[in-house]
Amino acid sequence: MTVRDNSIEPSQKRKKLQKIGVFTSGGDAPGMNAAVRAVTRAALANKLKVVGIRRGYQGMIEGDFIPLKSNDVSGILQLGGTMLKTARSAEFRTPEGREKAYKQLKKAEIDAVVVIGGDGSFTGALVMSQEYDFPFIGIPGTIDNDIYGTDYTIGYDTALNTVVQAVDKIKDTARSHGRIFFVEVMGREAGLLALNSGIACGAEVILIPEAKGDHDQLNKFLEKGYKSKETSGIIMVAEGDEAGGAIQIAERVRKEHPDLDVRVSILGHIQRGGSPTAKDRVNATKMGVAAVDALLDDQKSIMIGLDNEKIVHVPFNKAVKLNHSIDTNLMDIQKLLNT
Amino acid sequence: MTVRDNSIEPSQKRKKLQKIGVFTSGGDAPGMNAAVRAVTRAALANKLKVVGIRRGYQGMIEGDFIPLKSNDVSGILQLGGTMLKTARSAEFRTPEGREKAYKQLKKAEIDAVVVIGGDGSFTGALVMSQEYDFPFIGIPGTIDNDIYGTDYTIGYDTALNTVVQAVDKIKDTARSHGRIFFVEVMGREAGLLALNSGIACGAEVILIPEAKGDHDQLNKFLEKGYKSKETSGIIMVAEGDEAGGAIQIAERVRKEHPDLDVRVSILGHIQRGGSPTAKDRVNATKMGVAAVDALLDDQKSIMIGLDNEKIVHVPFNKAVKLNHSIDTNLMDIQKLLNT
Amino acid sequence: MTVRDNSIEPSQKRKKLQKIGVFTSGGDAPGMNAAVRAVTRAALANKLKVVGIRRGYQGMIEGDFIPLKSNDVSGILQLGGTMLKTARSAEFRTPEGREKAYKQLKKAEIDAVVVIGGDGSFTGALVMSQEYDFPFIGIPGTIDNDIYGTDYTIGYDTALNTVVQAVDKIKDTARSHGRIFFVEVMGREAGLLALNSGIACGAEVILIPEAKGDHDQLNKFLEKGYKSKETSGIIMVAEGDEAGGAIQIAERVRKEHPDLDVRVSILGHIQRGGSPTAKDRVNATKMGVAAVDALLDDQKSIMIGLDNEKIVHVPFNKAVKLNHSIDTNLMDIQKLLNT
Amino acid sequence: MTVRDNSIEPSQKRKKLQKIGVFTSGGDAPGMNAAVRAVTRAALANKLKVVGIRRGYQGMIEGDFIPLKSNDVSGILQLGGTMLKTARSAEFRTPEGREKAYKQLKKAEIDAVVVIGGDGSFTGALVMSQEYDFPFIGIPGTIDNDIYGTDYTIGYDTALNTVVQAVDKIKDTARSHGRIFFVEVMGREAGLLALNSGIACGAEVILIPEAKGDHDQLNKFLEKGYKSKETSGIIMVAEGDEAGGAIQIAERVRKEHPDLDVRVSILGHIQRGGSPTAKDRVNATKMGVAAVDALLDDQKSIMIGLDNEKIVHVPFNKAVKLNHSIDTNLMDIQKLLNT
C-alpha cells in the first residue's frame, strides 16, 4: 500500500470520487477520533471533500451531516469517544431506512463512505452497498478486538490498559485488607481482555468463557486461602463466563467460604473511555489513511485490517465477529506462575 | 509545632519513651504508607526504636509485630494501600481482647503507639488508653474526610482525583452515545466526594444525602432531556442518597422515561487505591512527623489535625465522625452552571 | 458571597452591565479553561452576554473577539491550556496600545472584563481601569502560586502533581542504576514547587532560593554517597536557586565527586500542561462564579482570592507577586526524614 | 513452545539444571521486573532454585547474589525500574573479570543464567559462554526496540506512551501560546520512538536520523508559520538526528526566524521509568517463562524473541543492534496529514 501521489491522479477516477463521508458506529472506542482525523486529512490532501455523518446510520438516515475541514479535526487525536457521536439504528435494518439513508447521501453528493465500527456496522454497509451499488470502506473500531481478518481493532489496547490501571488500584486495597476481589471486565463472548489484563496484573485466577476447568483453579486457590490470614487475591472474570458474572460467582463463593472477605468490582463503562494509547492512535491513523487510499484505488466493501503490522484488505462478508481462539499458552502461563 | 532538636533531648523524657509502635486501621487510604514512613523516620531520627504492628488492632492482639528501620520504609511513599495491612477486629471490642493487646505491647516493650485510621480507630485507642494509661496518638486516614477537628484526612484528595479521572472516561462514552449515566461514588453518610467530583466533572445533577430538592433538579434535567436526541448527562450519586444508590434511581428513571438511554456505573473499590497525590503525600508526611513530635512532648489521646494547613491537636473524644455541613455555595454553583 | 437570584435583579444595575468579556493572560495554567467555562455560564445564567477575548491583551488591542454561548464552553473543563489562547503584549504597555484596546471594547459594547492570569496581568488591568474607568475583575491563574492575598492560584495543584509523577519515574531509574539525579523544576524566584514535590517524592536534598545552608545538606549527602555503591538520590532544584540551575550544580558535583553517576533532568514545559486536578477544577469554577458575582455587585479592580477555602476580594494593587515565605517546618521535616 | 509438564521431567536433565540465576543489565526498562518475576516463578514451578544477581555483570563479579522465593517477586509486576538493579561493568570486558564472574557462579552452584538486557549484554553473555561453556538465555529489555530478531523489546511500549503523554501536555501549552516546540526524545541511532510518538501526537514535523529531507519539511512548515499569528507546532527530534539535538536545531531556527516563539523540551530520563503498560507486562511475562523453558530444553546462547506475537529463539550472535529500517509508510502518512 502506498500513499497516493497527488500529482498523477488519473482524471477518470477524479470524476467518480469527489466527496466522501465518514462516520462512527456501534460502541465507541478510544482512537475513533484519530481515525476520523486521518480519514479527513488524507482525503483533503487528495483534494476530496469530506462530510462527517453524525450519530452513525441513524444520522445518515436523518441527513445529520457536517462538512469537515482540516481544522475541524484538529485537537481530537488524543480525545476518547467520538466527535461524530455514535448510535444504534433500528430503522437502518429496514429497507425503508436504508433507502432514506441512500437518498440523503445522494442529496449531499457523497460518493463513498468510510465506516468506523464493529462487525455489525460492516454488515449494514454490505447490505446497503449491495442494494445501491454504493462504496463503503470499513475500519475496525471496537474495544473487543473480535473481528475476523485483523490482528487489531481500534480501542482494544487502550481498554486493556484502562483495566490494568484499575486493577492495580484494586490490588492495593485487596492486599491491605487480605481480601479476595472478583473483578468483572467486558467480554460477553470472549475472554481476551480478562486473560490479558489478568496476566498483566498477576491475577490469581482468570475465569473466561473459552476455558474449561478454570473454576477448578478457583476452588484450589480458595482452599489454599483458608490456610492463611493474609490471603488476598484478584479473580478476573469475563462478563460472559459460563458461571455468570462476578456477582453470581462471588455469591456462590461467599456461601461456600463464609470466612473469606470477598468483594466484587465491576469495571463497566470506564473501560470504553479515556485518551487513546500510542498504539491506538498510530494504528487508527494508519488505517484511516489506508481507507482513503482504498477508496482512491476504487475499492469497496472491504475492511482495512492489520496483519502483523501490515495493512490488509478484508472483504466485508469475511470480517465477521470472531472469537479469537484464546491463547492457551497464556492460560498455561497464568497457572504456572500462580500455583 | 517545631521539630525536635536531637541534641538537647531532656534525659527524663528519654527514659519514658524508647520504643514506639505504628499501625494502620480501618479502611485503607492512599497516603497511609507516607504516614508510616514519616512516623518511622521521625522516630528513628529522634533515637526511638520503631515497631510496625500489622493488621490493625487484630495484629496487636496477636503480637504480629515487625521492627522498622529506615530502609524498611524506603520506596513506599508513592504506593497506595498500606504496607502494614489493616483489618477490623471484633475481639478488640471486648475487654479481653484489649487486655491481650496491652500485654503484647508490654511484652514488646512498646511505650506508645501511633494509630493511622478513622474515628472508629480512635475510639478504640481512647478506650484502651483509659483502661491501661497507655499513650496513643492518632493520624486521620480515611478517604471520607469525615472527622471532626481536621480540614483534611489522608486519602481524600487521591480518592477525589481517582473519581474525577474515572468520570472523565465515562463522559467520553456518554457524549458519544447521548447517554445518561448515574455514577455512584463512596459516601454512605455524606456527599462530599460526590459534590466535589460532580463540580470537577461538570455533572448535570448531583444527588447527595445532605441536599433537599436535588431530585427536583434531576426531574427538570430529564424533562429537558426528552427534547433533544443529543442529550447526554452525568448524574453523580453518593451511595447514601436517600433515594437509594445509583441502581435504584436509574431503575425508577428508566420506568418514567423509557426513551432515554440510561446507564449505571458504580465506581466501587477503585476509589480506595492508587498512588497518592502530592497533597496526600505531603500532608501525611507532615502529620507523621507531628505525631512523633506529640509523643516526644508527652501528649496522649489526641489526633493530629490540619486547620488551614497548620498542625492542630484534637482530643480523641472530639475527633468523632463528622458530616461536614455541605458547602451550599458549591451546590448553588452546580445548579447555576447547569441550568 | 452568594449566587445571585436572577429574579430580583435591580433594574438599574442591568443597564450598566449587559455584556462582559473574559480572557486569559500570561503563562497558561491547567484549570484556566474551567474558569472560562464558569465565568461564561455564570454570566449567561445572569442574562449577561459573554465575549471571549483571544490571545490576552494583544487580542484585545486587535479586537480578536468571539461570542461565547453555553455550548462553546462545553467539554473544556478537563482540558489543559486555554481555549482563548494567551500571549504577551508589548503594545499594551504603551498608552497607545491601551487606547486601542479600550476602543475595541467599547466598539464591541463590552461593559466589563474578567482577566485570568498572574500579577502582571492584573497590573495591566489596573492601569487601564484607572485611565478609562473600566471595570476589571481578576482571577489568579498561574502555576507559581505566588500572588499576595490568595492561598491558591489556578494550576499550581496540577503542576505539583505533574512534577511528582515525573519524579516518580526518574526515581525508578535512579534506584535501578544507583544514580544521583538533579531534577530542575519551575520557580525562578521561589522554591514552593521544588519544596513540596521534594517532600512528596522523598527527595534526598532540596535546593531552593529561600534556603540558606541547603548546599551543606547536599555536600553531606554526597559525602555519604561515596561510601556505598548503591547510593541513589533525587536532588530537587528550583530553577532560581542561587547556585544556578540543575546543570550548573551537577557540573560542579561531577568535578568534585568524579566517582558518582550524576544525571540531570529538566522537567521544563511539561509542568504547564495536562488535565487539571480536581482541586484546580473546583477552585477555578468557584472563582469564575465569584468573579461574575463581583461584577454584578458593581465591584472593580479586585482579584478573587481564596483564604482558607473562602472567597475573598483583594484589590489589584495588593495582588502583587509574592514570594510566599517558605514553610520552614517543611524544610525541617525534609532534613529530619533524610538524615 | 509448550510449558513444561513437571511430572515427566527427564531425570538426566534434572541433574544438570538445579539452580539458575537471573539478572538485569544495561539501561533499565519498564517491564524488567515483570520478566524477573516470570523467570523466578516459572523456575520455582519447575522445582529449580533461583538466585537474583544484583547490579548486572558487576554484581556477578562481586558475588552480589540473593536467593529468590515466590514472595520476593510478589508486588513487583507493576513497578518500573528493576528490583535487581543494573550497572555497567568495565571489569567484565576483561578476561580477568569474566573469570571472577564464572567462579562466583560456580561457588554459588548456579547452573545457568537468564540475562535481561540489550545487545551489549548478550555479547557479554556470548563471550563468557564460549570461554566457560556456561549456558545463558537472553531476554531483550531496552526501550530502544533495536535488537535484530525480535519485533519487540521490553519497555518500548511504555516509553512510547510516556513520551506521548508528555507531548500531550506540551501541546496544551504550545497551542495556548502559539509556540513552536522542539521536543527531543531518546534514540541515538534510530528514530523509532520519535516517529511513532510524532504520529501519535500529531507532530507537525519529525526529524530522525533515517530520514533524508525531513529538514525540508521543517523549513516548509516554518515558512508557513510566518503567515499566521496562531501557528503552533510540535517538532519531534530523535536525539541522534544528523542536524544535532533539539537545542542545536532550535538555535538555528531562532536565528533564521527571529519572529517565531521557539521552545525546547528534552524529555530525558522520564522516558525510562514508570509503571509498565499492559503489553510490556504481558510480553515480559511470556518471555520470562519462555526463557526458563529454553533452559529446561537444554538451550544456550539464544535470545527469546517475539515474531508476530509468537516466541522465537534467536542465536546471540544474530541478536545484534538493529536499526529497524524505518517504516517509510509512517513517514509518508505524517507528511500527508500535516501538509
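Points worth noting:
Per-chain residue numbering starts at 1, and chain names A, B, C and D are given in the order in which the chains are listed.
Just so we're on the same page, a contact is a pair of C-beta atoms (placed from the backbone, for glycine too) under 8 Å apart; a residue touches a chain by one contact, two chains touch by 3 or more.
It should be emphasised that the depicted structure is a prediction, and the values quoted were computed from it without experimental measurement.
Looking at subunit C and subunit D, not one chain touches each of them. Traced through touching neighbours, the fewest hops from subunit B to subunit D number 2. With centres defined as mean CA coordinates, subunit C is found 28 Å away from subunit B. Separating the CA-averaged centres of subunit A and subunit B is a span of 37 Å.
Computed from the mean C-alpha positions, the centre of subunit A lies at a distance of 39 Å from the centre of subunit C. Residue positions of subunit A touching 2 or more other chains: 168, 171, 175.
Every pair of chains in contact is given here: A-B, A-D, B-C, C-D.
For subunit C in complex with subunit B, the touching residues are 1-3, 37-38, 41-42, 45, 75, 77-78, 151, 157, 160-161, 163-164, 168, 171, 175, 196-197, 199-202, 275, 277-279, 281-282, 285-286, 289, 308-309, 329-330, 332-333, 336-339.
Listed in rising order, the residues of subunit B touching subunit A in the complex are 24, 28, 30, 55, 79-82, 85-87, 162, 166, 168-173, 175-178, 181, 229-230, 263-270, 272-274.
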